[in-house]
């Protein structure tokens, strides 16, 4: 069944002419824009307590849903307040922490699982490969959103549960790409040489194979980070993500949804930040691929 | 953005108004928010189910929602033979929607069916006080009770409706759910389970205290999202929505294009605190001062005025004020952060403490309440669970603090709430034998004075000890187009017979 | 060829079986559903009775075995909530999800393939840049947010499209766009890449050299070759998309299988959730299987793998 993953695979492992073109258009601009936006968001997340004008949890029931300053609000709350009178800007700033943390940790967990499986399959081949390929197929056949929703419903939503669930669900692409990359590297002379002089499997994998596939790994990490951030937002939107009062952008969209027709900014602002974050991660990933795999360029 | 949107929305509505003038089609389009599991009223437990039940079926008795006076419906008169036997004279000449005539056999069959626990009626409490029914003659029946039950008449005028014996014997609950047959003012012409119900005026409706139906067709669709409901209201494809959140109702009212009506409901919201130490001997909530501190920490006035709005009120009793026996003369705790902090310090928690805080619905209210607790130093670990999961947890091991609500299934009697939770059952977090004793005495007595006195004692102690922190009553907003006339009742039941075109 | 198909089919069945075992054990962990079935007004005795009647106290493997053996006969049990057979409940709603899926993938193909072809014909043109922008932005846009924006603009402000329901084809317009746009970027990129590759190949150059009309070259020779991988990608995307219809259906209140899944999860209606997970994974499995067979049929070299 793996052939059908091929288009997906090509798309990731080697730049298609499409990506080359994108490079020509965005060039390093894409990488640049992506890193700047992402870098800004990371800084905002790291220094949230210093930047945020208010306590993101402090409620004021008398000042609910005040409009942002550009819609006639006051500078006291530049982006207005939410349905419990909490400062919207501060919640957005703290929300960056949640999204980035979930994206990063979930991608790392799934990266560990997927890389281990993919490299093992590519390196050992045979039965190991067959088992890993089967597991990848099983995983791909499970509807991610549905399974994640069911698990969160069972264990109750919390940061830990959401991260764990996403980490355990998103390893498929790592496994597919790492398996293919390992197969590619496998045949090179230095691997054969290392085998010939009797290096241990661990040593070969760690010092000969991994360094040569790590750039593909980084690209997949960015893709899956973006994927995890979007999924968390979707889970929170459906009411089964992180628990309130934790500020999550998906949750903010969900909370603002009720007043969408009258106060659309409640939905537009967090949705836009989410869009910007995912876009910047994707741009960064695409840029990195172009920069780190020059030998693949036609 | 806001300024652009509302006029546009209003425009969309006026554009649609021309379509609506065709209310000459005599169809009232209504939205339900929740999917109804089964139209058979004995096999669902939701508001939507009650609405359909009142439209499609009739009870033996009827309580006028205005005057609270009991009137005959399918029965014309009734009398207690003794404490456990009620004899009823039935109305003659009533026919079910399928043409089956109504008589004593239908009553006997229905009562015997629902009273039999093995038939699995969903809300056992509605029916398990009845033992059986007996036919005296074609239009006289006796209902035998298991034990004296003061609220019998209330239940006979509420959830206990009469089914056609021949049809029900054949169709059963699932058949009844798909093709309901009753004697009510509206007959069901189409059911798509959970999604779509079409009711039509029953021309042969008897002379019932519910009044005659006026609107020809009621078309009910399930639309889970309130924004979508509003968009359809604007575009004219809905005529009436209900259970509209307070903020939205307020905005719709400001638009001035719709009628917004608000009525209170019997549901109240409260915190239940782990006074008995079920989550552990050292639970801070075993100390009455901590519980009182919680009560002082919450600005209930602000919750009502900013979040619930409408006809909601702040309450201090562990029951809804209109319920029989719900004595309002109990200790009330005002909003006083300093006092709350002082009480906590006195109890040995000058810096507060950390606790889990559970809720299962109304996340907005629960979050606001938790935030008030945080403000006096009680740091809350907020946990929103599904109803069933929280219930299981509370049954097994209790919860330190949990935000609960209870609608008393619209029974206007304190036994429907206080007695459900303070008689040492699995959801009783106080486990106070004295309170349970008073409630037992009140529940089984037939003399109203004795009942009142005992409920009062129980409620006073519950308030003094702050076992619960009662907070507010709920309300419902009904929004409909100017062509519809309707005055909602406080029991949160949509009565289609009370609706008409202007 | 037959051997290849049988082998793939066997693998597909094994995958389906494993998915069902995993999802069953997951749901088993959710504990005792008795309280959920009993509802808010139930007493402790009611809950205890339900637990006995449904047999929730028995070992998991036994319950799984019972579920599996009747599921194989097409009986997925009775919904805890509706008290109706799950199979009928799902069958009834599946048509909406299927309609949505077919519309979504058609929309994605009908927009992405022409865009991809156009972009490949004139690389670096304005259109190409636009297509590129769409594909980058498309991947980053949260679908629930996109859906809400469409409702605000097209239903409320402009009043052009109905916001919810399934009554007319117009009702499917916005859900189709929201569901379809997510599959667009990948299809477009693949079409474009495939076209560029084919266009630079020898036989196209030959065809051009012979003086064949440009349109004929494009559509008869180039597109026909470039489209093959796109079709199999579309099949796989279709499987993914149906799984992703939960969000879309809940926004637009389409009473399809995805919405049923979400509601059933919040109602703790395990037989329905269990059956739906299986149904959605079957979609993926079947579409992947079809794509494999199609590939092998078109390209005999693939039959070996």
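Labels for the chains are A, B and C, by order of writing; each one numbers its residues from 1.
Simple rule for what comes next: contacts are C-beta pairs under 8 Å (C-beta built on N, C-alpha and C of every residue); 3 or more make two chains touch, one makes a residue touch a chain.
All values derive from a computational prediction rather than experimental measurement.
In this assembly, A is the chain whose CA centroid lies farthest from the centroid of subunit B. Chain pair with the larger contact count among A-C and B-C is A-C, by C-beta pairs in contact.
Centres computed as Cα averages put subunit A at a distance of 44 Å from subunit B.
Annotation: 21 Å between the Cα-based centres of subunit A and subunit C.
Subunit B and subunit C have centres, each the mean of its CA atoms, that are 39 Å apart.
Shown for subunit C are the residues that touch two or more other chains, namely 31, 151-152, 156, 250, 266, 268. Chain contacts: subunit A has residues 153, 239, 257, 260-261, 264, 268 touching two or more partner chains. The multi-chain contact residues of subunit B, meaning those touching 2 or more other chains, are 5, 9, 227, 231, 386, 389.
Residue ranges on subunit C touching subunit A, taken from their complex, read 8, 11-12, 14-16, 18-19, 22-23, 26-27, 29-31, 119, 123-124, 128-129, 132, 136-137, 139-145, 148-149, 151-152, 156, 186, 189-190, 192-193, 196-197, 229-230, 232-233, 235-236, 242-244, 246-247, 250, 261-262, 265-266, 268, 273, 276-277, 280-281, 284-285, 288-289, 291-292, 295, 302, 305. Residue ranges of subunit A in contact with subunit B, taken from their complex: 57-59, 61-62, 64-65, 67, 71, 83-85, 153, 156-157, 239, 243-245, 255, 257-265, 268. Listing the residues of subunit A that touch subunit C in their complex gives 1-8, 10-11, 16-19, 21-22, 24-25, 134, 137-138, 140-147, 149-151, 153-154, 226, 230, 233-234, 237-240, 250, 253, 257, 260-261, 264, 267-268, 271, 274-275, 278-279, 282-283, 286. On the subunit C side of its complex with subunit B, the touching residues are 31-33, 35-36, 38-47, 49, 81-84, 89, 151-152, 155-159, 162-165, 250-253, 255, 259, 263, 266, 268. Contacts from subunit B toward subunit C in the complex involve residues 4-5, 8-9, 11-12, 15-16, 35, 37-38, 43, 45, 117, 122-125, 173-174, 177, 193-195, 221-225, 227-228, 231-232, 234-235, 237, 386-389, 391-392, 395, 409, 425-426.
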